[in-house]
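In what comes next, chain A is part of two complexes: it sits with chain B in the first one and with chain C in the second one.
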Partner chain A sequence: MAYLLPSLPYPTSFANTVYILFFYCIIDCMFVYSMCNSVCVVAQVRPLHGSGCGQQQEAVGMETRPETVSIFRTQENDPACQSEQHLGQYYTVPASHFHTVFPHGLPPRYQQQVKTFNEGCVMVRQPALELISHLKRADYINPTLRYLLYGVKGSGKTMSLCHAVHYCSTQGWLVLHIPDAHLWVKNCKELLPSSYHASRFDQPIQASNWLRNFRTTNEHFLSKIKLRQRYVWTKRESTEEGRPLGELVDMGVSRVKSSSDVVGAVLKELRLQAGGTEGGFRLAVAVDGVNGLWGRTTLKKEDKSPVAPEELTLVHNLRKMINNDWCGGAVIATLSQTGSLYAPSSAYLPQELLGEEGFDSMDPFIPVPVSLYSEKEFESCYLYYLDHIHFHHWLQHPHSQTEEGKKELIFLSNRNPSVLERLCAFL
Partner chain B sequence: MKCSNIVTQMQMLLLSTYFLFSPERRTANMAASGGRTVGSFLWKCGNCCFNFNTVSSNLTRQVLSRQLCVSAVLHRKNLAAAGPEKFSEEFIKKQVEEFNIGKRHLANMMGEDPETFTQGDINRSIAYLFPSGLFDKKAKPLMKHPDEVFPKQRAVQWGADGRPFHFLFYTGKQSYYSLMHDTFTKALAVEKHQDRLRGKDLFTQDAKQISLVGSRWLLKEELEELLVETISEHDYARFIQLMERLLSLPYCSVEEDFVQRYRRQLEIQSSKQQVQPLQYDQHGVAYSTGDGRRKTAMGTVLLRDSGSGSISINGTNYVHYFPVLQDREQLMFPLHFMEVLGRFDMQCSVSGGGHSSQAGALRLAISRAMLSFLSEGQVETMRQAGLLTPDPRIKERKKPGQEGARRKFTWKKR
Partner chain C sequence: MAAHTLKKSIWSIGRIHCHVYGVNVRNPLNRATYATALSTNHSSQNKGFPDRGNRGPFNRRSRREAGDPRTDRMPVDQDWTTVYPTATPFRQGSVPLPVRMGFPVKKGVPPEKKGNLELIKIPNFLHLTPLAIKKHCEALKPFCTEWPSALDTGAKCDEHFPIKVESKDYVSAGTSLRNPSARIVHLRVSLSACVNYDYAMYLLTVLYHESWKMEAWESEKTVADMEEYSWEDSPSQKNIMSTLVRMQVAGEGEGEAVREELLGRPEVQEYRDSVTRLKNEGESESSMHQYRDAVKKLLNL
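Moving on, here comes the complex of A and B:
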């Protein structure tokens, strides 16, 4: 890479070439950073590692232009250290953590955006901060607290959930992230009758997928946690007591047929061991679209009669997880109308989406409302898209940079984050 | 407009004879069949009551069929080329008499005073008695003075011995040249009058002038219609030149009547936007309402000042009601055009149509509601931008023999 960065005494004339080279820079930034101890001209090396609270990492070497103060970005990449002063600002999730923490939890459009921008930036918003402060202050001796994020469509519930999950993982908790509970109650090609319980149904594909992602997220825990009970899968296979959890998970991934039961076993073990004093860990259960667990399903049995959610093994076990009869962790859930079945599009309140049964099961919970962007948040989102240092005018249209254009964007999106993102995608 | 309850059979009968069914639209075939249906109708009411109706109904049927048959000629615009006259003078005179009598009967039927029954009253009565669902104005029933219905025709220009009546007949354009001669004679008369005044020392430059404001010269087509003969552009230009020369004389007001015969009043531009005054609610906030229509959708808007740009449609948020970007852009257009994007709060209600026409209806309603907040110049710019024009497009009618309005059936070779 060094041969691409000849050192010149005249930085301004080199600006164009640097811009073109920047694409290479951004991928190899970490590599360049280490190489940057020698004299080289780089536009701006942004530290993609976030480490510690409040440490500022400056670009090494000569800077071609003065560091512009970004009002909408913050260097504070650790969720634990973020506070109200960072409200409305974007922080970057370190690229190394990105794939381990969020293998499956992010909204699909956001994943595309991350791929395009080559960095994962999350806005610090009020609901997420509130959630994190609750998590910090709660004592984990009492039965688990349940937090429910609700709001209109596209207001940022899933992103707040992911923010909280990032916090939990940086604090060393075990994260149980179910990306979308609705995926378990619809579009299932294979429904096997459960071996464990006669009237229930297994979903092998979904269960094994989820186990794989679970393994990616919580690698370091898998060897530490030991099973407390013996599990018999078939006549010839069983997992003994005292074996590490990792073995169980591997077995579930490889033996797809019994993966749903493995999921059930994993959840049970974690539930029992979460608040334990010896080798205790905190457990975070993050469920997106939790209202899918109590509605109706679109799955049908062989005789064309509809399947109720409690007849699915995965759903049954997950419901047990959400009950607050265990301690040593927290349950963070989001309501979602987008993937939900048989729910009107205008419904967003817990009462409407959870239904009677769901509401009774979730009760008592701490509701966390997620609203549309405030003025400040909208401002910072707008500046993020406008950030020409990094993205070469993501908002290409010249009119969008004016005050008028901003007002138009406000009107057309009504400050709804997802609508705004879709709007800016083609501008 | 009262309708007398006792519309006697006789009156209806008599009315139908004077009444012409859409003379401009009918062809000969349709006229014949129309004559037949009218005849049958007449027969029915004839049989109910009177004996003498058989005779009169025969007569009326003949008369009616004759009227309807000749109506085909009325298509023709080229008056001079119409050839020898189709309607004789007595015929036209008889038509005029019948029209007047029919007018009186109609007035009696409607319970109005026959003396003061105007053409406007006639039109309204006919529209009331014979309601028509047709869209084309020319296809609807009408009852007008025969001079307006039958085109003007030239009487025969020469006598039994073949000698023409008018001395300018052999110029080919006798009415035109006689008009030019008349005008010139008038000009000479004015000059003579001026000389006489000069002789008496009463000549003043600032004599009373003819007021030409708000009127225009006759158009070439109108002049042709008046003279009942075709004239060329050059001729028309010469005529106007001569009239202008007449007007240039200081004492032309002597011949004011003659000049005014060849001028028409200009229409007063009365179709301005009616801007309603602003209303204030109890907190002193200004608000105004507007409504608009597009296709089948109707929308109303309540626009409130000093707001934050929030919009609610039928009680729900506008982003939720119009998920399509295009509809929201339509709502945004009037506000963005006048640069008042964040100023107003809106409460809208809309019904009918589809999402696109609802958005269009709301756009018109917003523009109309905004008029009360804007100045004259801004209203003019809005009008020129087309924000205040209701979109006249509606769904085109499906025609028989075709699958849709334009689409024909699949063509099969055999």
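Moving on, here comes the complex of A and C:
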């Protein structure tokens, strides 16, 4: 049981912590207890890759606790530098990024998992890597490219979307993340007739919530972008040309009644200014559950007649964003059957969920299929949950640590990521 | 002794004239009634209450105990046609199968057959087992005539009976006993059997010319009425044209010339094929992959 405890003099900008790195042999995993006793940030100074002799180095995570070497974890926490060799491995999203990048975008079970494990680890998978490579190589003078993630329920579409969003935000793009478009077409208590357009309807609560989260994500852009047009809200209130976007957003959050129109104005401004030559930024529009924009709604007008999606201001404006008549960014969308209305539960292919109208609007788009876990990815996920047995007592059942148990898990979950997560949750 | 016999005779009369003694003649308890000196009057249970017949809270007397269900006494090789000779509702005591039917309550299973109204409501075909049908056929045979021996080959049947009418009957257990597919009847005639060749040619010519005639309402055919998807003039084509034009792929030039040139490109052709396939054949993984490759090539990814 010989092991080394070197203390490497890594220069870090966070001088109050000391990293202690451990060397392990992959075949013979051992647990070594750290002596670091303060919280460290996992922002890596330089990327470390798994070397040929099978040794890996791992830094201590967000809190004081023992860490093990893992072939399922990678040090490469920057999505831009991840490549095929990291396929199947987990990378940790730094804590500081978590609340700014994903105030509302993550799947709810994953959020619970993050709270429990105290770290957010995302697996590097093929669809996300493909997306990121397209985003890297695309030419942003051309009209916007639309990417559509599709796959069966629970296969990891939202997580891949969040991975791509993380990439965009680390690269300094402006991220417009709509966590679930279905939330805008159902369960809306208040529907106000729009002041701007007579036949449309506003949704003040949803719009102001979204604006708040948008503000959290893109703080640094809000002062830089200036409005190109004057917006008149009421007889006495208007926002002048040249004011920063932040002012508009703040107004939308505080004045809930006109928040839907503010959303429309924000989207329009961003569309005009993205990819511009002076102070140009790249715009990433990430929509989860995009099939909600072209279906039916469960909302009813006062005379009990159904509301069509295009009669909702929010949906109308979002559809304009998804068109490719602007340039300087990308539209990444996922299909979701889970929240969708009037769609059969086995539907997952694009045309089934989008419908004719949706398909024609999105056409031409690049479909990116998200499949269930492969052998390697399943291994990785299993080891990740097993890893937490020692620190978080996750996979507690003794049978789950055996080969037999693993085969049972494979059989029960059919390698479906969300099913596996639910199974392991009560093991 | 005489009094004894007298009592006995009165007792025996009493069994017939029930109202005299206030005892129900049909002795449900199957107890032997003894003619003894003491009248073992089972009306002691009555306790002086007026006879209410079979009703009332104390009608234990009239109630016969249910025996064992028939299923307990069924041998494996029994004749099922005696159990269900005709169409009758489901009797749980006669069907030796552990069927369950109904909506399961929370954390439960569908309810069992005992006292299950769902099983009684639905039509059942327990009286139509193959054996029963065989018996029916056997019973019907005396009333049937024999197949004519001269018609032993298919060719001879076709020769003598060129027109064949096919109709289908459906057996189903559902909310309705009618099946719309049963309304379809096929009438087949072999053209070579037609003797009136000239008339047939005349008919075909007329039909051909009629089919070319356009009615006024046919021009109102919309995209939704089309049987097949055609890519020309579809939103897909418009989208891709505008995208390509904006991508400045075609180079300089205006209007029609640019469009023609773009349409002629192999990538656009591939794209058109993939979209047509998606829309006409429906979606599948392979058609999605084809579409994906076509789009990637077109947009230079």
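What to note about this one:
Heads up, the rule we're going with is that the second predicted complex is superposed on the first by the 354 of 427 C-alpha atoms of A that agree within 3 Å, B and C clash if a C-alpha of one lies under 4 Å from a C-alpha of the other, contacts with A are read in each partner's own complex, and residues count from 1 in each chain.
The working rule: a residue touches a chain if its C-beta (ideal position, glycine included) is under 8 Å from a C-beta of that chain, and two chains touch if they have at least 3 such contacts.
Here the structure is a predicted model, which means the values were calculated and not measured.
With the C-alpha superposition on chain A as described, chain C and chain B clash in the combined arrangement.
Once the two complexes are overlaid on the shared chain, A:G358 sits clear of chain B and of chain C alike.
Once chain A of one complex is fitted onto chain A of the other, the partner contacts of A:N416 are limited to chain B, with no touch recorded for chain C.
Shared-chain residue A:K407: touches chain B; no touch with chain C.
In the superposition on chain A, A:P79 makes contact with neither chain B nor chain C.
When the two complexes are overlaid on their common chain A, residue A:L145 makes contact with chain C while staying clear of chain B. Between chain B and chain C, more residues of chain A are touched by C. In the superposition on chain A, A:P179 makes contact with neither chain B nor chain C. With both structures placed on the common chain, the touch criterion links A:P94 to neither chain B nor chain C.
In the superposition on the C-alpha atoms of chain A, no part of chain A is touched by chain B in one complex and by chain C in the other. For chain A in complex with chain B, the touching residues are 152-153, 345-346, 404, 407-408, 410-414, 416, 419, 423. The residues of chain B lying in touch with chain A in their complex are 309, 316-320, 325, 328-329, 332, 335-336, 339, 341-342.
By the touch criterion given at the top, residues 234-236, 239-240, 242-243, 246-247, 271, 275, 278-279, 282-285, 288, 291-292, 295-296, 298-301 of chain C touch chain A in their complex. Of all residues in chain A, only 134, 137-139, 142-143, 145, 150, 324-325, 327, 349-352, 360-361, 363-369 touch chain C in the complex they form.
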